[in-house]
Every structure is written in C-alpha cells, then in structure tokens.
Amino acid sequence: MGPIGLQHYLVLGAILFVLGVIGIVSRKNAVGILISIELMLNAANINLIAFSRYSNKPIFPTTMPEAAYMDGQVFAIFVIILAACEAAVALAIILNLFNMFGTIEVDDADTMRG
Amino acid sequence: MAQNILFYLAAVMAVATTSMVVITRNAVYAVLYLIMSLFAVALVFLSLNAPFLALVEIIVYAGAIMVLFLFVVMMLNLQGQRGDEATKRPTRRQMIVPGALALLLLILIVVSLSAGTPAATNAALSDPKLLGELLFTKHYLGVKLSGIILLIGTIGGLHIGRGGSIPSTMEKPIDDVTH
Amino acid sequence: MGHYQPLLPDLILAMGATFILLLGPLRDSQNLRDFLRWISLGLVAATAATLVWVNHGMATPYPLVGEGWLTTAPLHTAFAVVFLATIAWTILASTVPDEDAGEWYSMLLFLGTGMIILARAANLAAVFLGLEVLSISLYILIAFRYSKRSSLRGGIMYLLLAGFASGFLLFGMALIYAVFGTLQIAEIRTLALATDMGPMAKVGFGLLLVGVGFKLAAVPFHMWTPEVYESSPGTVTGLIASSSKGAMLAAFIPFLFLLETHWSIIWLFAALSMVGGNLLGLREIRVKRILAYSSIAHIGYVLTGYLAGDTLSANAAFLPSITGVNAVFFYVVAYAASILGAFAALGYIQGERDLTLRDLRGVGRRNPVLAFCLLIFVWSLAGLPPAVGFFGKIYLFSAAINAGYFWLPLIGLLGSAIGIYYYLRIIVHLFMMPADASDPKVHASTLQEWVMLGSAVAVIALGLFPETIFSFLRAF
Amino acid sequence: MTLLLSLLLIPLLGTALVGLSGWVDRNFARVATLIIMIVDLAVAIILMARTSGGPVQVIHPWIPSFGVSFNLYVDGLSALLILLTTFIGVIAVIISWNEIKEKVTSFHIWMLLLQTGILIVFMARDMMLFYFGWELMLVPMFFLIGVWGHEEKLYSAIKFFLFTFTGSIFMLLALLYVYFQHAAQTGVLTFDLTQLLQTELSATAQTWVFLGLFVGFAVKVPIFPLHTWLPDAHTQAPTAGSLILAGLLLKTGVYGIMRITIPMAPAAAVYFTPWIIGLALIGIFYGALAAYPQRDFKRLVAYSSIAHLGFVILGVFVGNAAGYQGAVLQMVNHGLATGALFLIGGMLQQRTHTRLFEMFGGLWRQMPVLGGFLLFFCFASLGIPGTGNFIGELYVMGGAFTYHPLVGALTVFGILFAAAYSLRIFLATMHGPETTAFKNLPDASPRETLALGTLVAALVAIGFFPNLVTGPLYYPPDLSVPQSGRATTPAMVMPVETGTPSPVLAPTSPPLHTYLLPMNSNQLSDQRFDIASLSPDQQEVR
C-alpha cells in the first residue's frame, strides 16, 4: 500500500463515473436520472482536481505553462455551477410536468435508452 | 501517511454511498446517499489539498443543490407520486452498455496503475487566494460564462416553474402544491 | 477597453439579452412586442458586425483572446457569423408562444451567445461552458410552452440526454487534462501529435467522442432525436438541427488531429448514421420525425466530410480548395438554410397534435407559397439541384474521396438514395394527394411568409452560385 | 455565343412569363408556353445551321474552386438531339391543350423546366453541369407524372424517381473518380469532358468507371434488367409526359453512353461489348415478347420502347459507322414514332377513358383520320420502307452483321417480332368487331391532326432523306479540322459486305477498337467517336 498517487484518484473517479452511467441506464424516472448525471459530473471533478496536485509529473511529460496546474480546480468550480443550473432547470420542468400531468416518468415508449 | 488514511477512508465511503445511490429504489434515500457521497468526495478533495473546493462541494453541492433535490422529491412524495423507481429491475439488455463501459474503464484502471506512482508535490496550491486570482484573471471569461449560465438557469426555472398560473387561459392551473 | 475589445461581440449579445429581459414587461402590447423583435434583430446584427470588426485581418498564427479562451481563426469567426444569422432568422420567423413573458427573444440571444462561444472555443473549459450556455438555453426554449405536456417532456428528455452527454464529455476532458496537463486545445494538439499519446489519453478522447456523438445525435446515440424534435416549437427544432449541432461541429475542428488515432470511430459514426438515419425514416409518418431521422443521416454526411480532415493528406495534394473542413462549412450553411425553413414551415402548419403526412395534404392548394417554400427546402435536403443541398453533398463526398475514402461516400450516396423516398413522400402528400375533409390550419403572418420565401430563394440562389459561400469564407 | 445561352434561357425565363400569364388566364399560360417552345425551336434550327460550320461552344467560369465551369458545347449530334427536344416540346404543348384541365399554369412551368434540364444534358460539356442537368430533369418529370398522371401515378412517379436517382449515384461516383484521377495526373481541376477524356486510367479503373457510368445511363435508356420503371412511368404519365419520356429522356441515356461512357473507358467498353450486345438482344426480344400480350395500349407501346432502345444500344456497341448512324437514326425515329403512338393512346383515352384493348375494336369507322395515323405509326414502328425507322433498322442490321453474322441474324428476327406487336396495336383498336361501348367518338381535331401530321412528315422526310439525321454527324468536330472532313455525306449504302466479322466474345475485337482508342492522339476527344475520324478502311465502307 504505497504512497497515494494520481492513479488512485483516477481509479476512484472512474468507479464513480461508471456507477453514474449504470444509474442513468437503469433508471426511468427523471429525478433518478438527474441524480446519476450529478454523479458523473462529480466523478469528473475528482479527476480534474487530482491532477492539480500531481501536476508537475503528469503521465505525459510536458512543459507546463505557469500555473496551469490550477486550471483543473477552476474548471471544477465551473462544473459545480453548471450542475446547479442544470438541476434548477430540470427540477422546474419536472415539478411542472408533475403538477400538470401527474407523472415524472420520462420513458413511456422506451425512446431514450442510452 | 495521514493522506493515505484520509484517501482510503474517503474513497471507500464514496464508492459505498454512491453504490447505494444507484442501488436503492427509494428516491429520498437516493438523495440522502448522494449527499453522503458528496461529503465523501469533499474529503477526497481535502486529501488533495484543495480545501476551497471541498468547502464549495459541501456548501453548494450538498448544501444547496441536494437540498433542492430533496425538496422536490419530498414534494412529489407528498402528492402521492413517489419519486421512487418502479419495482422492476433493469433487464440484462439494459445492462450491456454500462457493462461494456465498466469493462473499458477497468482496462484503463489496470493500465494506468501499472504506469507507476508519481510523488505528490505542489503543496502550495492549498492557497485559495491563488485560485481566486486565477478565476478573475486568466479565467475571467469562464466566470462571465458561469454568470450567464446562472442567469439563464434562474430565468428558465422561473419561466417554466410558473406552471399553469399564467396566462389564465391555460388548462388546469395549480394554485398550491400541497392540495 | 482595449483588453475587452476582442470580447465585445459576446458582451453585446449577452448584455443585450439581459436588456431584452428587462423590457419583458412591455410584452402586453403587440407593437411593443414587434419592437422587441426588431431590437433583438439589431443586437444580433451588431454582434455579427462587431465580430467581424474585431477579428478581421488576423494573420497566422491566429492569436487567442480572452486569456486563451477563444480563437480568432477566420473559419471559426465565419462559423459564428453563420450561427448568428440562424438566430436572426429564427427571431424573424418564430411565432412567440403564448406563454412568453419576455423571455423568448432573450433566450434566443443567450442561445446565440453560447453558439458563438462554442464555435470559437480554444480551450476545453470554453468548449464545455459554451456548450452548456447553449444547452441550457435550448432546454428552456424546448420546454418553453410549459402548458403543453409534449413540450415539457421534450425539454426534460433533451436535458437528461444532454446532461448524460455532458458527463461523458467532461470525463473525457478530465482524462485528457490529466494526461497532457493543459486545457489549451492547441497545446494538447502539439503534445498529442509529438508522440504516441498512450492508452489513457485514447480513452479520454474516446469518451469525448461519445459525448460529441450524443450531442450530434450520430447513430448509435441518436435515440433522443425524434422525440425532442417532435415536441419543440418548429423554429427551435430548426435551431437544434442546424446551428446547435453546427456549433458543436465547429468546436470540434481543432480536435481533428484525432483522425490520426480515432478515425475508425468517426468512420463508424458516419456510416451508421447515414444508413440508420435514412432507413429509420422510411416507415415514419410523422413529418417532424421524418426530418429528425433525416437530420441523423445528414450528420453522417457531415462526419464523412470531417474524415477528410482540415488539411490535405499526403496522398491527396490535388484539391487545394476543398478540404474536408471547408466542405463541412459549406454543408452547415446549406443544411441550416434548408432545415430551418423546413421546420419553421412545419411549425406553421402544426396544430395541436403531432403533424403527420396526412395533415400536409391540401397545403399545396390552401397556401401555395408556404408549400412551394417547403418543396424547395425538402428538395435541398434531398440534395437535388438546383438547391444548395446538392453541392453541399457533392463537396462533402468529394472531400472524402479526395482524402482516400471510397466506401463511405458510396454508403452515403446509397443512403441518400434510400432517403429520397421519404422526401418524396412529403412532396407527394403536399401536392399530389387530395385534401381530407378538414383543411389544414396554417398560421403564418405576412412577415413569416416573406421570410420563408426569402430563404427559399436563397436556397436556390446559393445552389446556383455555390462559390458565394466559399467567397464568404475567404472574406474573413 | 449567345445562341446557346438563349436556347437555355428562353424556357427558363419563360417560366416566369407563363406564371404571370397563367395568373391572368389559364389559356394565356398555354399560349405563352407554345410561343416559348416555338421560339426555342427556331433557335434550335438556327443552331443546327450554325453547327454545320463547326461546334459551337460557350464557357463561363462557374465554380472555379471546384473546377466547374458553365461549359456548353454543341456539335452535330448535340444539335440534332436539341432539335428533337425543342420539336417534341412544341408537340407536347399542343397535345396537352385539351387534356390538361387542372393546374394548367404549373403544368406548363414544369414542362419548361423539364425542357431546360434536357437541354442542359444535351449541351453540357462540363460533367458537373451535365450531372446538374441530369438531376434537374428528374423533379419536373416526377411532378408531371405524379400530379397529372393516371390511376397509379404516385407509385409510378416514385419508382421512376428512385430508379433514376439510384443509377445516377454510380454515375456521380465514377465521374468524381475520373475527376480526381485527372487532377492527380495533370494538376488541373476541371470537369471539362474534353480534358477528362485525356485521363489515363488503368484497366481496373476503366472497368469500374465504365460500370458506374454505364449503370447510371442504362437505367435511363433502359437496358434490360434495369427497365422495370419504364412501363409504369410511361403508362401512368399524361400524354405529354409519355411523349417526352419516350422521345427525350430515354435518349439522354443513350447520349450519355455515346458521349461519356465509351470515350471515357474505351478499353473497358471493348471488353464489355459482347455482354452489352447480349443485353441489347435480350432487350429486343424481351420487349417484343412482353409487349405483345399487354392489354393496355400505352403499356404495350412502353414495352415496345424497350425493344427499340435495344436496337439503339446494339447500334452503338457494334462499333462501326453503320451501327452508329443506325443508332442515331433510331433514336430520332423512335422519339417520333413511339411518341406519336403515345399521343394516339392518350387521345383514345381522352375520348373513351380507357386504355384497354378489349374495350376497343372497330374504331376505324368512327375515326378514320386517327385510324389512318395509327396505321402509319404502327407501320413506322415495325419499320416499313419509306419511314425513317426502315433506314435506321437497316443501318443497325448492317452494323450488326459487320460485327458478327449471328448478331445480325438475331437482329433480323427482332425486327420480325416488332411486326407482331405493332400490328396488334392497330388491329385491336381499329379493326375487328365494332365495340358497342363507344358511340360517336370525335375524330382527330385539327390541332391533333396538326401534331400527328407533323410527326408523319418528319418520319417520311427522314425515310427518304436519312442524311437529314446522319448528316449532322459529319459536321466537323472542330473548326481546326479542314472542311474536307465532311465532304462525303453518307449514302444509303449497306456496309455489310466489307466488314470483317469478329469473334463475338473476343474482348479485343478490332472494329470497336479502331475508332474508340486513339488514346494518345492529340485530337479532340469527340473525334474518337466521330465518323470523321474512322480508320481509312472503314471510311471506304461508305
């Protein structure tokens, strides 16, 4: 159990990402799918931030521009903002759909299997 | 070593809770597990010396977004439609895509683990000040775009969330979500 | 000011959109609503003009602006101007839904902002954020008629699928960032071309391609298309099919170095889309879905052009003027001109329920102008002269042949021969079938009819003088 | 040259005029179209005269970045077919005068657009322009059949469209291949046929190019296994549509084979000649056999077209002067005679609302004039002396015998078969017990008499002066060629005696070779296919 490296984080991210994908494909209702999308975005965030820490020795040898190693963290902030907005719009639609028509199943005709 | 312990703790917790998110058929539980998962991921961020992101994760993600989720799910429950999943399990056919993807990523994991473990550096980047500076210098366009996204999200939520209340000619207005 | 000057176009558009939003309360009077339309139009025009102004006369290597977020390369600027034109067209041609409280034009302008950012993105974060501005605006535009179930369903469905796609895109980007250590696409390109990129980057780019495939609705990621197209307002459907995909295509141009390693994936996307899109449409009777399947096929054609790449490959040094990317540009213009009009026309005809081929009967007699325009657009989509779609297809397949692909153009041409059938069905129902008892309802204002006629004439004119589009491109 | 442009622009801009006049009154649209067609015919006649001094060409840049130019080129063969086009255009308008009662204006607009497309095909020297015109022909024809056709118009229209379009795809791929090969070899981007013909293609490449082009054109001709769209389209189209289909659209296919396919891949053409001659013979017999038992007047004539076009293809591919001339003669004659049969079928249908033979019978008594015309065109169709068809078939036969006696003999049998179905048309309608279903059917109106009479005159004229048709083929291919090149006009001499028969299946049999393969000559490519450039021993034949 050596020191923790970039790979460990990437593995963690990958596992969470796959769990998110499984969640999306196995669920039918809008809220469930939305939750799984959040999982995927989150998994990507782990990767982005992990790199910030291990930036001066990336897997691919490169000459780093100054402070590019922080880009991942900045990107992660943007992703969180985006997740918030997407959730807000999605929940508004879901709520409205439910209020007016009484269902949140989005998958009547099996049309949106990924 | 402390980082090791922190990482494994957080990682196990994250994987476990996330699995529960996917497995459970109860929407409220799913959201609650997701919140736990987000806390675990925040711990992962901490282990990466990114305290600012860890806080943002907890405050914004777990605190605001997830509470919104919870609110909606509970409201749906209140009105008789449970946000839960139908009882039927996914069929084998539906599991092909994630299965294949999981396999693909497994290969990736093996390959990248065999590439060796670089040592951790960049201790300095726990500094939120640097992050702030970067946000408003190098990435100011991103901040601007995030602002636009937030604005659009607000307008969109407001517009669509207006439901059937305006204009009055529309069918079946909802006056109260709890009726 | 000097620092912000390169970003002036984006600022004008975004601030203009906010301004329109503030004018929202004026909506109650018809005059003021018209006023809003013209203001929005003016804003789009101003943006386009500024865009050209700040970007003209750039020399290679094209400088990046916005601290490396946006490129000033002429091709991308030209793409952005084209997308602004589609937005302007939509502002003119769209019927504002009853549910509008001043957000409609504002949302269209925000959509335009997303497009011009995405089209000129020079780093991964810009691609992602531009795409999200675009996507979120589209969710709202699709679900805009919140009193209609189909509209809300379409909105949530597009949102979930686009979110899913974003997840792949983002995870791919994260892996790429982890490997190369930079978000700048140009740097990634240099690094990736310098040596063998390794398995992790390949997986990253693969996930990126899956995300892009979802957004473009390439087979096998096309499932959402018919449903979403059906439930959106006609003009918005046109935008989804034309410039929102077009912006993604433009953003993908800097990634074309992937042809070295990932060409087989793109090849597969293209072939499957051309076959699948054309076959799936054959049995469909709902018109918007027919065009949705046709748009899948068209994405296949475009990807065929992409395979030809942005530069000429070594074995094809004899067609200097038509690279794959130029052909794609031509096609995006041609396709946008045709599909926007087609969906808008269907939108005017559409009643309460889904529009079927049957509903088209009698439109030729009842509203000959609209039917004639629809004929021209469908003609162009089918790729028949003298409409512009004809040369669009020829250029794409020429570029592919030029780059040494043979089977793909053959598959594409055979696919388009299959696809001709459903275009012919539309024409047959428009002109050659007696109307049922009830006449179709057509709601088109005079302005809208003129806009349609104008774009029909443009489709023919561009088809007769296709060089115009290349001259336009060269002017940047 | 403004002549060529005006030939195209008159019908194209005429659509606007027709649209305007049709807005005022539907009869104005008819009159306007007729005037436009007549003016176009006049221009075509002038062009014909002009062409005798050498080919007329006009080149404008069109899409320079793609090597496409607006390149029109008219030599004797083109001028001949253009003349036929404009002539049949006039007849088509006259004949639709009473038949088309709905959507008159749009009918005539489509007619004019169709004429434009056909003219582009016959005039284009630039292959992209050619393809442009080729596809442009489809849509008006689709509308003519689909809107103004008979019972199963939609099925027929779609079938027609899909067949032709699918065929044209292979043609496009082949053209693009040659275009890129040419660009790779010379560095010049051009779709100019003259230059594309200079491309050196390997044997394999020639095979594929030939097959691609041939399939594209063969669908239109149509050659045997690709013919199934034709009976439906011809039967269901309105009279004018059938006339144009038979008279012109089928000829565009043959023209494409003569002008593009064979010169582009001469070696492959030689290689495939026996097979194609086999298909042509099958077409001749299949068309005749399938025509005979038909119950539907127009369907019978449609099948007979397959047989007639078999003769044309045979003439083209036997590869000698006689066959070539015969093919061109048969193209023109078939356009006139079969077109006329379709006209009569349309007239009968207009009067009786049926096309079925069992409903007819003994109509001669009621309509002697029309019956007389029918008799003449039936005889023309079976090729009696005095009509152009006789000369054409004679030439083709001669060419076939030169190629191989067996082929010649089979051709003779084919002509005998033609007699059977041609006579059946006449006997089943005009002779026999008089039908009780129809009384007091009006005879041919003056307008109809005029249309049919013109066709009779044309056929008889060709029958007695075949060099009206074959003469233009000897127009100098280029002004650089001395005038003496056309000194000898072809006499009505049968070239049978002198030709050396070649083994049927030998891919390198001499006749086709000798005039198809001046690959490295610096002569203009047209000459490869022109009688003027035949090898000396073959010129003696004349």
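We just call them A, B, C and D in the order they show up, numbering each chain from 1.
Here is the rule we go by: a residue touches a chain if its C-beta (ideal position, glycine included) is under 8 Å from a C-beta of that chain, and two chains touch if they have at least 3 such contacts.
Everything numeric in this text was worked out from a predicted model, so none of it was measured.
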item: Any chain in contact with subunit A as well as subunit B; value: C
item: Closest chain to the centre of mass proxy, which here is the mean CA position; value: C
item: Subunit B-subunit D separation of Cα centroids, rounded to whole Å; value: 70
item: Inter-centroid spacing, subunit D versus subunit A (mean Cα positions, whole Å); value: 65
item: Rounded Å distance, subunit B centre to subunit C centre (Cα mean); value: 30
item: Approximate Å spacing (C-alpha centroids) for the pair subunit C, subunit D; value: 43
item: Numbers and ranges of subunit A residues touching at least 2 other chains; value: 6, 10, 17, 20-21, 34, 45, 50, 55, 59, 69, 71, 74-75, 78, 82, 85-86, 89, 93-94, 96, 100, 113-114
item: Set of subunit B residues in contact with two or more other chains; value: 105, 108, 112, 138-139, 142, 145-146, 149, 152-153, 156, 160, 163-164, 171
item: Pairs of chains, among all present, that meet the touch criterion; value: A-B, A-C, B-C, C-D
item: Touching residues (chain side subunit C, partner subunit B) in the complex; value: 7, 10, 14, 18, 21, 66-70, 98-99, 101, 103, 106-107, 110, 113, 117, 125-126, 129-130, 132-133, 136-137, 139-140, 143-144, 146-147, 152, 155, 199-200, 203
item: Subunit A residues touching subunit B - in the complex, by the definition given at the top; value: 1-12, 14-23, 25-29, 31-32, 34-36, 38-39, 42, 45-46, 49-50, 52-57, 59, 67, 69-71, 73-78, 80-89, 91-96, 98-100, 102-104, 113-114
item: Interfacial residue positions of subunit C with respect to subunit D in the complex; value: 318-319, 321-322, 379, 384-386, 390-391, 394-395, 397-398, 401-402, 409-410, 413-414, 416-417, 420-421, 424, 427-428, 431-433, 466-467, 470
item: Parts of subunit A lying in touch with subunit C, wherever the complex brings them together; value: 6, 10, 13, 17, 20-21, 24, 30, 33-34, 37, 40-41, 43-45, 47-48, 50-51, 55, 58-60, 62, 64-65, 68-69, 71-72, 74-75, 78-79, 82, 85-86, 89-90, 93-94, 96-97, 100-101, 106, 111-114
item: Residues of subunit B defined as touching subunit A within the complex; value: 3-4, 7, 11, 14-15, 18-19, 21-22, 27, 30-31, 34, 37-38, 41, 44-45, 47-50, 52-53, 56-57, 60-61, 64-65, 68-69, 72-73, 75-76, 79, 81, 83-86, 89-90, 94-95, 97-98, 101-102, 105, 108-109, 112-113, 115-122, 125, 130-131, 134-135, 138-139, 142, 145-146, 149-150, 152-154, 156-158, 160-161, 163-164, 171-172, 174, 177
